[in-house]
Every structure is written in C-alpha cells, then in structure tokens.
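The same chain A turns up in both complexes below, where it pairs with chain B and then with chain C.
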Partner chain A sequence: MAPSRGLLRLRQLSAASCRYGSIASGRRAASSFAQHLTNPSAKLQSYISRSRDPFLNLSIEDYVLRHSPPDSVVLFLYTNRPCVVIGRNQNPWLEVNLGILKVAPEQGSSFSNPELPAIGDVDLVRRRSGGGAVFHDEGNVNWSITCPRADFTRDKHAEMVVRALRRLGIERARVNERHDIVLDQGHERRTSDPSDTHRTAYTGDEGAQPRPLKVSGSAYKLTRGRALHHATTLLASPNLHIIPQYLHAPAKKFIEAKGVESVSSPVGNIGLENDIFQQRLQEEFATMYGARDTPPVVRTVGEAELDIPEIRKGYEELRTKEWLLSQTPQFRLKVDKSDLDGWSHELNVLLDINIHHGVIKSVDYSDFLYGTDREAQIRFALVGKKLQDIGDWHDFFRGREGTEALAECLTRWLPIPDTPGA
Partner chain B sequence: MKSVVSREAGRLLSRQSITNRASFSACRHFKSHSIPRQQPRRQFHNSPSLNIVKPYLLADIGEGITECQVIQWFVKPGARVEQFDPICEVQSDKASVEITSRFDGVIKKLYYEADDMAKVGKPLVDIDIQSEISAADEALLSGGAEKQAATESTQTPEPKDEGLEVERNDTKAIAEDAAPPVTPQEHPPEPTEQETKPQRQLGKHATLATPAVRHMVKEYKLNIEDIDGTGKDGRVTKEDVQKHAGSAKQASTAVPASPSQPAPTPVQPVEDHIKQLTPVQAGMFKLMTRSLSIPHFLYTDSVDFTAMNTLRKKFNAHKGTSQRLTPLPFIVKAASLSLQQYPLLNAHLDTSTNADKPQLLVKGQHHIGIAMDSPSGLLVPVVKNVQSHSIESLAAEISRLSQLARDGKLSSADMTGATFTLSNIGSIGGGAVAPVISSPQVAIVGIGKAKAVPAFGENGELVRKEECIFSWSADHRVIDGAMAARCAEAVRHYLENIESMLVRLR
Partner chain C sequence: MAARLSVARAARQLTSSAARRPATAYPVSCQRWQKAPIQSRLFTVSAQWEEKKYTEDHEWVELSADGKTATLGISTYAAKALGDIVFCELPQVGVEFSSGDAIGAVESVKSASDILTPISGEVVEVNSALEEVPGGINKDPEGEGWIAKIAVQAEPEGLMSAEEYKKHTEEA
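Then we have the complex of A and B:
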C-alpha cells in the first residue's frame, strides 16, 4: 500500500470518527452509501454532501440517478466551492470568461488584468444535464431530486422548493414559466391564492413591472426510467456583483455556435442561511411524499464515496480536458477588423476558425502587418490540432515569425483554461 | 424450378409484409411446402436476406418539444445493442435525455450526426431487430398507421399550436393600404397609426413610403414631404428618415424625448430585453407562417345556449364536480355531426402531391383539435374519432387532455392528426374572433364567451337569452361561404335544439 493512500484512509477515519462518534472506516462508509442507495425498499431517501468539490458532487448525483431503485425518490443537497458550471452541450468560450478563472495570469501573456475579481481560483465544470451556465459558491445551495420518469414534471419539485421558501417567510418566491424560481419585485400588493406557487401577491402583468429576480435555475437529465431535476438556489452569495463578469465571454459576439445558449436573467439573493433552508427543504420533501412523521434519515456523503468505482470513474471523467473542452459542439470564431474598434492597428486581424468537437478544422487569417503571407504557415500549424492539447498560445506560436498578433487574439478569445485532470 | 420460384416469391412476400403478424403464419414456404414453420413468429434466420431492418423513431420527450439536438452517439452502424442499452444522448433547452433501445439488435444506420437537430417522431436509427416486438413497440417503428409519413407529418411534424389572433389586422391593412406590399410584421403598429394620421396625408403620400416608414416619420414628428426619398421611384426609406431626423435634431432646439409624458411619477423605466422564443412559440411561429398562404374568410353567428344550459343544469344537478358537463363537449359533438353532413370541411388540402392539381383529402374520421391555454402557452391536443364518442366520453377525454397539457405531458401523438380545430377562447373571454386555420386543415371555429343578453320572445316580451358567438374561418381556396354558412347553421341548430342531436346520436 502506498504511503499516501494510507494517509488518506487515516484522515477519513479520523474525520468520520470525530463527526459521528463512531469508528467507521472510509471504505465501510462508502459501501454503506451504495448499500443504502440501492436498497429496493428505501423508497424515499435523503442525502447531503459535506464536500465542496463540484466534480465529486456531480458524480455522486449521477450515481444516484443511475443506481437508485426505479420507484424511489431521492433528495440530494450539496454546496460547491466557487465554480462556473456549464450545461452538457454548451460552449465554454461563448459562455464563460475563461481568462479570469485562474488567479495567476497566463504566462507570457501581455493581457493581465489588475482588476481581476479577488475570489481566488474558480473551477470550470461541465455538468451532465442540459441548460445554461451558472456560477456556484458557498452562498448557493444545490438541490437535486431523482424520481421515476413517469412521475416527472418540470414544475413539480420547483413548486416544492417554493413552498419551503414561503414557509420560511419568502413570500415573493414563485415558479415562473421557464420552471425557474424567481422573486417578484413589484411594489403593488394584490390578492393572491397562497397555495398557487406560480403567483405571488406581487406578481404584476407581463412586462409592465420591474423584472423578477431569478434565484434558482433548473436543469434536467432523463434516462430510461428515471428523471433528475437539479437546480441552484442563491441564498446568500457574496459574489453577486461579480457573477456577470464570469458569465460574459469576451468572444461572445465573435462566435457562431450550435448548442444551447444561456438565457441571462438578473439574479438576486434570497437572504437565508444554508442550514435553515436545507432543513426546511428536507422537511418539505418528506411532507410532499407522505412521510412527514417518519422522514427519511438524512445521510451524509463525501470524499469517501470516491471508493465506489463508478463514482471515481465519473469523477475522473468530469475533470478531463476531453470532457470539459472537446465536448463542445461545432462553432466558428470569426473576427473582422471592423469589430475591433478601439484596438491598436497592429492587432487588426481577419480571423475565421472552425472548430468541431475541440478539433480545429479550418483557419482563415490575415493581419495588418503581413496580410495573408503567414496564412499557409498558420494553417499548417493549427488545422487538425485539438484545442485541449494547446496550453498557452504564445508558447504554441513561439519561434514563428509574425504570429504575435494572432497569439494575442487567441489568448483573448480562445484561451485554453487549466483543467484539474489530464 | 417452379417450386423454387414460388419459394422465392414466398420469401419476398414475407419480407414485405413484416408488420402484419398474421402474414407470418400464412408464409410457410420457408424450407419446403410439406414442413410447416416451427416458429412462425420468428421473422429472421441465419441467412441475412431475411433480416428485418426498421427505422426506430425518436420517441416523444414531452413538453411539446418537436426537435432536439443530438449531443452524443453511443453506437455506430454495425454495433450490437441489447434492450435498454443507450443509443444516444439528445438535448432540448434544459433537459438532456438518454435514448435507449427497446430492442435487441444491430444498428444499421444513423440518421443524424452529432450536433444535428433530430426531429421527434422521425426515424433516429435503423435497427435490425432480433427480439420480440410487442404491440407497444410497433408504435415506435415506422410503418404504424399513426405515424403516416403522409402530408401531415411531412408538412407539420407536430401541429400542436394554432394561433388565435383576436384582431386580424391583415385584412384591414390590405384594404386600406395603397402602398407597395407590406410584410406582416409591420401590421400591428398600423391600426393605431391609421386612426391618428389625418386622412389627407394617407391619400396624398400613399406611394411615397411604406407604412413602416410612415410610422417612423410620425414617431420622429417629421413631415414626410420634407424628406428626400432615395428609394425606388423616389420613395422615402427608413435610412432617409433616420438621416433627416439626425440633422433635424441638431438644427432645432432640443425636442423633449417624449413630450407626451405626464407629470413625473416615480416609475422605474422597464428596459428592453431580448426574449428568445419558447419551444411552444417557435412551433407556433413555424406553423402560423405556413398559414399565411391561406385566404381566410370569417363567418360569425350567435348561438342561443339557453336550451342547452337548461339541459346541462338538469344533468349536473346531482353530479360531483368532476362529472359535470360544460358546454364544450356539446359543441364538439355538434360540430362532428355537422361535419358528417359537410365533409369537405373535415378535409386536408393537399397542394404538394401534384403541384398543378391541388386536391382535397377528405378525412373519414373527425379528429378535432381543441386549442387550450396551458402554462407553457397555447397547445392544441386532438380528440380522436369524435364521431364515435358520446358527449360524456368527450367530456372525459377533453378533461384528460387538459390535465396532461397543464402538466406539460402531452405526447406528440396527442397533438397530431387533427382534421378540424375548435378554439374555446370563450373560457377566457371574447365575442367575435378571427381564428387562424392550421395548415393543412381547411376550417376552424372559435367559440366566444357566453353572455346573458336581452331578446324578444314570441309575443314580443323581453326574455333573457344566453348567447355565444361562434366565429368560423375557412380556406376560401376550396370552401365557399355558402358551405361554411350551412355547416355553421347546422351546428347552431343542433345546439339550440338539443333533441335533434339526440335523435342523430349513434
């Protein structure tokens, strides 16, 4: 046994024993999770994660989707460290400002921003469900419900969460037509049926009122017999004002892409503490499924679950460059000098790149200094390469004369982010 | 020699008539005439010539979604799959869905590449099936009667939404507009513009600019005569107006941005924002754009509900809420009975089979689409075979479909195949409305809100009537006013004299 593994086990042991006062080895805890989850008589289950690792939490969630009994309903709550999570089929260069995710600016880049938001490193994560790009941090609680596909509707569990919120005094919360949870911002108070989770006393007419603030966004994944509905809940994020910076990509107007685009909405905090919300939600879940008096025991999961091979496998997959970058559907980055107002003329370029699933398929290039002289060279260097294999653009083009302008543009618009895995 | 030929013929025949299981036992010329088939149900054999390759359709994923993007294939042609193996993953807005195989078999062909948009109800893969096919599975394979690749599916994969425009500005505008052809988007601002603009200007400058440009001129408070036209025939274009407005602003003293604003109230200005079309709206957009080619005529009349309501009250007197009858099932049944007398209104207009010879495909069954409002917008589930339904069973079916609509669980089978449509906009409000026909149908009826009105009885005394306005639209390329009027009269007659409906019910 390698010494490092032993240490890990030891840490899990002590962590487990301090927390639960019982000596449960990491391995036993992990297999007990699998045992509990797959137990066919456990129709109603409730879990909460103590890990802040988004990759792990998503992998546990996927495991729940695939291995819970076919007629069971499972609630899973988790909170992530700061990260940007994009949908299964989205384009990170279009949705995310990749250049500011890591605190240390790219080596050799002339583009360094002294005004980087100071929240430290932010992970890029691609989840397995659909939908748009969102920002997670410790002020955001994620909930997921896995239920039989036949019982699934998009509103069902969003309504459950709205009921939980209303019981905690958040009377402006409602489910909107996109199945998200919003807080009405209207000033006029009217009568409204309290049991109607799609209207509040402040709901105005369409378009006439100040726009509601989105506090929860949903996404879904459907497999043969099961449906997963998961969503964010902005309770008390300290980063609201900088979220837009992360979710606005500099290349947005230059990219034409297939795939789902995010629908941006103004967001706001609900103003609750995580523990209180989580507890209320667990109670509401039990009530909804008729187990108010005998609610399911809430079990904690965490890093120990990495011992389960499927979870480990899913975890590793989510961290690979292949998954994060090359799952992007085909897109085209097209820059015309007329788009570049305010830039110095040395950077005037005409750039047209087609990328299919992370592989550069075609390149057209000409710039102010060299015209199309360098185009053939550049094509030779780029076409057929996988974006994920390129680290830093300046390094990539080092030694090739006349490519500084191109390297600069690509660093700005097509930066290759660091990924945790291979 | 002959026996070989007949054997071959038998084999060919068996390959063609795959869907009809009855034919299997009939096809016994497999090894020899004398030895019957051991397993008449099995359609395949070691020899490849007897494999059954069938298109496997992309099943409905609900939510009124008609197409979704293929994200990833898990199989390739030639791959062996077992039942429940994943074939591919697709995504539609927020949901990513794993499509699994219902059969064991071998994948023969993929109909889409990754990133393509796959259509619901259309083939996804071809699969060489090597397992039992149940009746339920038949529906997923092409060749089932419902999934007819006939005019319906090719033109309108899921005609789930029929728009209901309460004010048809198009006909008004065409009558008044002497200017060159206008695109439909510009119509909505028109009616307001026409009212406030002085009549003289309209007549004098009708040829100087399109209505959109005239509206712009009005907005900028300019005089169209002042603007130089650079368009065709000296017409004023939008750019001309903008240029003129730009220079005019500099010259004159600062014109208040909106002089008509009332005394400042602390109202937060609502900013513009882009709203993408929801899937329901996108479907509606496609469908209604097709309907633009239909010349609609409108026929309205008012139907006296008094007799029907009396009967309903009597029926509902001792029933629970779920068993009570609303007027809707009566109206739908009356429509179906009338369509039996005027079958041309229950037809599909086929202009694509033979471009020079359009023809009417008169439909034998009455599949009536009922337009209803749901949380995701306008959906039109179809009640199939209304001619075979009783009023009670119609009520139950309508109620079942509306529950599915509310839950967002209508399947594409529920929303296709309509031969006639009925819009119950009266449940919200409305008098006379001008409904839009959903191609390839040729007629539609919109039901307004039932109101109590005063009327005169037999002896001239004042009586209370409950009246409802029915608005019929029909395709004037194939239906004339007389036929539509007669059908409308038949419906009215049935509803005002319920006993005549009674004696006709089968």
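Then we have the complex of A and C:
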C-alpha cells in the first residue's frame, strides 16, 4: 500500500525543515520524528537525543523498536544523567545499594560518614531489555541499534563499535565472549590480525592477569520481527571509583531470588570525548550499511517526543513503582539472628519473607521480646501487601508497639525505592 | 485458495455461533439438531488444525483434542537461537489477550524476547514448572516446555505448517 501523494509531500517537507534546523514547535518536531521513523523508504536512520532523562531515552528507543519499518536499521545515541539501570528481570534489592541513591553529595563528604560515596540524586530505572545492572552518567554514551530479527546476532554491532574505537586509536578494544566490549590490559604485544574484532595484540590467555577492563555492556530486546541491541560505552566517567558501591546491595547475602543476577566485572574508561566517539560511530554505522558516501541525516530527538502518545505512555510506565517493583521475580529475604551480630539487643528478630512480583506472600517472623501474639499481628499486617503501597517501613509500623527492630531491619535490607511516577 | 479459505471461515463462524446459541436457550430439544453442525465444525477445524502451527515470530500453537484450548510455546528453532533461558515471564491465568499481544517473555543471554500469541482468548493454564526451571524450555520447547493454554474463540489466520515454518527458518 503506497502512501498518498499528500502524505509523501508532508514527509518531505518535515524532513527538509529538520535538515535545515528550523525551530519547529514541540508538536511539529515530534510528529516529524514519528513520520520520518515510520517512512517505509527510510532504510537507514540515525538519531541522537539531546535529553539526559533515562526514562525518556529508553521510551524513545522502545518506540523506535516498535515503529521503525520492518527492514530498516536504526542507530540511536543518548547519554543519561547519573542513574542505575537494572535489567528487565532483576531484583533491585539484590543489585543496587538503594540506600545511597538519594543521598546529597554534601552528606556524602561529611565527617560523620566519609565512606558514603554519594553523588546526589541517582535515578533507578528498570529497562525493558534483559541483562544486568549498570551505572550511567554523563561520561557514558549509550548506543542502540534496531534491526530485523533475522539479521540479528549478539556480536555484530559490538564489532561495529570496536571498529569505530580502533579507528580512534583504541587498539586494545575487542568484543569478549559475553558480547561486551573490553580493553585488554596485557603488557606484552603479540602479533594479531587487525581486522579480528575479538582479539587484540594484548589479548592474554584465558584467566590471565591483569584482567581486561569492561568498557561497554550489552543488552537485547526481541519483539515482532525486530531486534534491539543497546549498550553503554564508558568514555570518561568521573564516577568510576564509586560505581561498585552503587552496584553493591547490602541485602545480597540475605536474598534468594529467581530471575537474572548481574555478573560483575572490573570497569574502565576509554578516554575519549563523547562528541568524537559519537561522530565516529555514526560514520562506522553508515559504512557498515553501505552508505559511507551518503550517510543518513542525523536527527535530534528530545523532550518534544513526549507529545507522541506511545512514547508518553512508555515513559509514564517506566516511572511507576508498579514497573520498578512488581516486575521483580519472586524472591525471599531471610535474616537470622546471627546476621544481626553487633546490633543492639532490641533487634532480636528472625525474619523470612517471600515476595512474588512485589506482593508479600508469606512472612515467618519471630520476636523474642514480644512473643507469638505480636508475631501473628505482624504477619497479618504484612501478608498480601504490595511493597509499592508501603513506602517507608517506620511509617508503616508507626503506632504498633515493639516493631522498631523489625522496621529497622526492613529499612536496611528491603527499603522501598522512590520513583518519579506514582 | 484465499476465497476458499474465507468461505470455509465464514462457514465455521456460522456453525460455531449456531451451535452455541441453542445450547443455552434450548439445551434439551436441540441436541439432535445440534449434532450435524458440530461434526462439520470439528471436521473443518481439524482440517486446519490437525497439526501444530507456527508463527513468523517462532511460536507454535496446537489445538487440544476437544478443540477448546490451544497450547502455545516457542519453537525448537527459537529455543536454540535464544540460548540458555534463565527466566520465563508467564501470563496470569484468567487474563484475556488479543492475537498479536505479548503474553509473556523469556530471557536468555541478556536478551528479553516477547512471546506473542497468534490466537485471541483467555489464558486458562500456564506452565508453572517454568518458574522453577526456566531451562525446561530449552530441553523440550515443543513438548514439556509449553508456555500457556488459551481458550480458543476463533481460528487464527496466517499460521504456517511445520513444513512451511521449516522453509521460513531456512530462508532467514
């Protein structure tokens, strides 16, 4: 079915206005993005976001996955403000140090707690693709490729990025067996094939020290004949030293969880400026798809795209507690008395809570100070509750005598993270 | 071919609605009258559904012997291509889906893959064993590794036979 002449002309007009950078109203700019994206003849497309909002960038990306023409390949680049992004089927209490996400930087450097690494507001985001937890900030460029599922392999676009990096002089970059990009740290230079994106002159034998540093982590989403590959690229993160603290969960040893656990790797910065990497990657993308001489126009997207109803809907959904918390696969938090060594004598509790998709299914609780009546009351108060409706544990238990120890325990190991949406 | 299919479809829709209506209004007196259309319905259904069918997105569906429910899963080809499945998001029993909806997803090697249903209807059963052992899908994707059962409302269109599906995956 060919589009009508009128529609075609409209598309050309909006494409032209985009190219010459005329400042359109938000609505017009948004609809021009949607029109260009869905244009069946636009086989090769390239976008960059000016927004730093992780919820918005992920929603634009999801829209690209669902609405770009079935045979098109689309490159989308974006950089987020500091945030921790977990995989679709991960457990935030197992992956993230939730307690430091909202700690102001001045508190972090205070004398009372010099260990606190906080850098201020850090968003917590659950993405729609699989994989593990990652930290993003302004020194990290995210690249994403949407292509036909039939052409999809987990490595081919990581290889494209390695080619781009090598062209910029990063000769230690390669794709590893986990489909991530690492920088080899070997001291000895051996002979290597420069076109082999899986091996460098510094690749050591398996398990050799020093370990390669991970600079880019990948995740994928497959749906309706289309495949999305997106990945981080640590170019110059100023927060490298504290990333491990954000991705270390205090409750980890108390949690048994279904779902997907992250594989932690030592990370490093590549040491490039964002602009230089982005431009090189856009060129490499065009080259890979046979358009080196006629590269696709790079279009800018941003907040105006919230006028597109599907993007608005995806954006609101990602910001809800429902998506962040209830998507968590079944897990169990189990705390024994021995885990409480060093706590005050009031904390004589045993706790075993089962949680299915954000709803408390069972509670096994003993409190040596208050006995079985209190235990039954606590069970009754908790079973069937949605975590997202609880908010703050101290507030939740307020007015119930003798629950301070339990509230403290839960605040420490099962804090309910804040979300921008309800 | 297309015309014949659509005639058959129209006939099926007629017979199935005819069969349903009297069953509630005149349960006893219409039993004999009902018999013939039911037979012809089963015949046309089984002609379409006597074998497992496949979608372009690599799901399979198979109709139960009584023609009331369809079992859905992912194809052996897809299970191999996806690699080790580490998590399976199952739909909730009782939720109604339209054909083309994502009813769940599986995760393997950092990839979340939607499972799309080619048939509309209510989910009547899910394979809860996959919550404990998601790798069950890799072991026997077109048998023990089924994902959900759906109450069939109408016959799906545009599905492939095993042979057509094989060709489809070889081309890809």
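The rule is short, and it goes like this: the second predicted complex is superposed on the first by the 376 of 422 C-alpha atoms of A that agree within 3 Å, B and C clash if a C-alpha of one lies under 4 Å from a C-alpha of the other, contacts with A are read in each partner's own complex, and residues count from 1 in each chain.
Here, contacts are C-beta pairs under 8 Å (C-beta built on N, C-alpha and C of every residue); 3 or more make two chains touch, one makes a residue touch a chain.
What you are looking at is a predicted structure, and each value in this text was computed from that prediction instead of being measured.
When both complexes are overlaid on chain A, chain B and chain C end up clashing with each other. When both complexes are overlaid on chain A, the residue A:155 reaches chain B alone and has no touch with chain C.
Looking at the shared chain after the overlay, A:210 reaches chain B, while chain C stays out of its contact range.
In the superposition on chain A, contact of A:330 is made with both chain B and chain C. Shared-chain residue A:198: touches chain B; no touch with chain C. When the shared chain is aligned, chain B and chain C each come close enough to touch A:222. After overlaying the two complexes on the shared chain, residue contacts for A:179 are found with chain B and with chain C alike.
When the two complexes are superposed, the chain touching more residues of chain A, out of chain B and chain C, is B. Of the two partner chains placed by superposition, chain B and chain C are both touched by A:89.
Look at A:399: by the touch rule set out above, it reaches neither chain B nor chain C. Within chain A, the residues touched by chain B in the first complex and by chain C in the second are 87-89, 128-132, 154, 179, 218-224, 258-260, 329-330. Put simply, chain A touches chain B in their complex at residues 87-89, 128-132, 153-155, 177-179, 198, 207-211, 218-224, 258-261, 263, 327, 329-330, 357. Every residue of chain B that touches chain A in the complex is listed here, in rising order: 61, 63, 69, 71-72, 84, 86, 89, 91-98, 100, 114-115, 268, 270, 273, 276, 278, 375-376, 407-409.
Residue ranges on chain A touching chain C, taken from their complex, read 87-89, 128-132, 150, 154, 179, 218-225, 258-260, 329-330.
Per the touch definition, chain C reaches chain A in the complex via residues 56-57, 86-87, 89, 102, 105, 107-114, 116, 131, 172.
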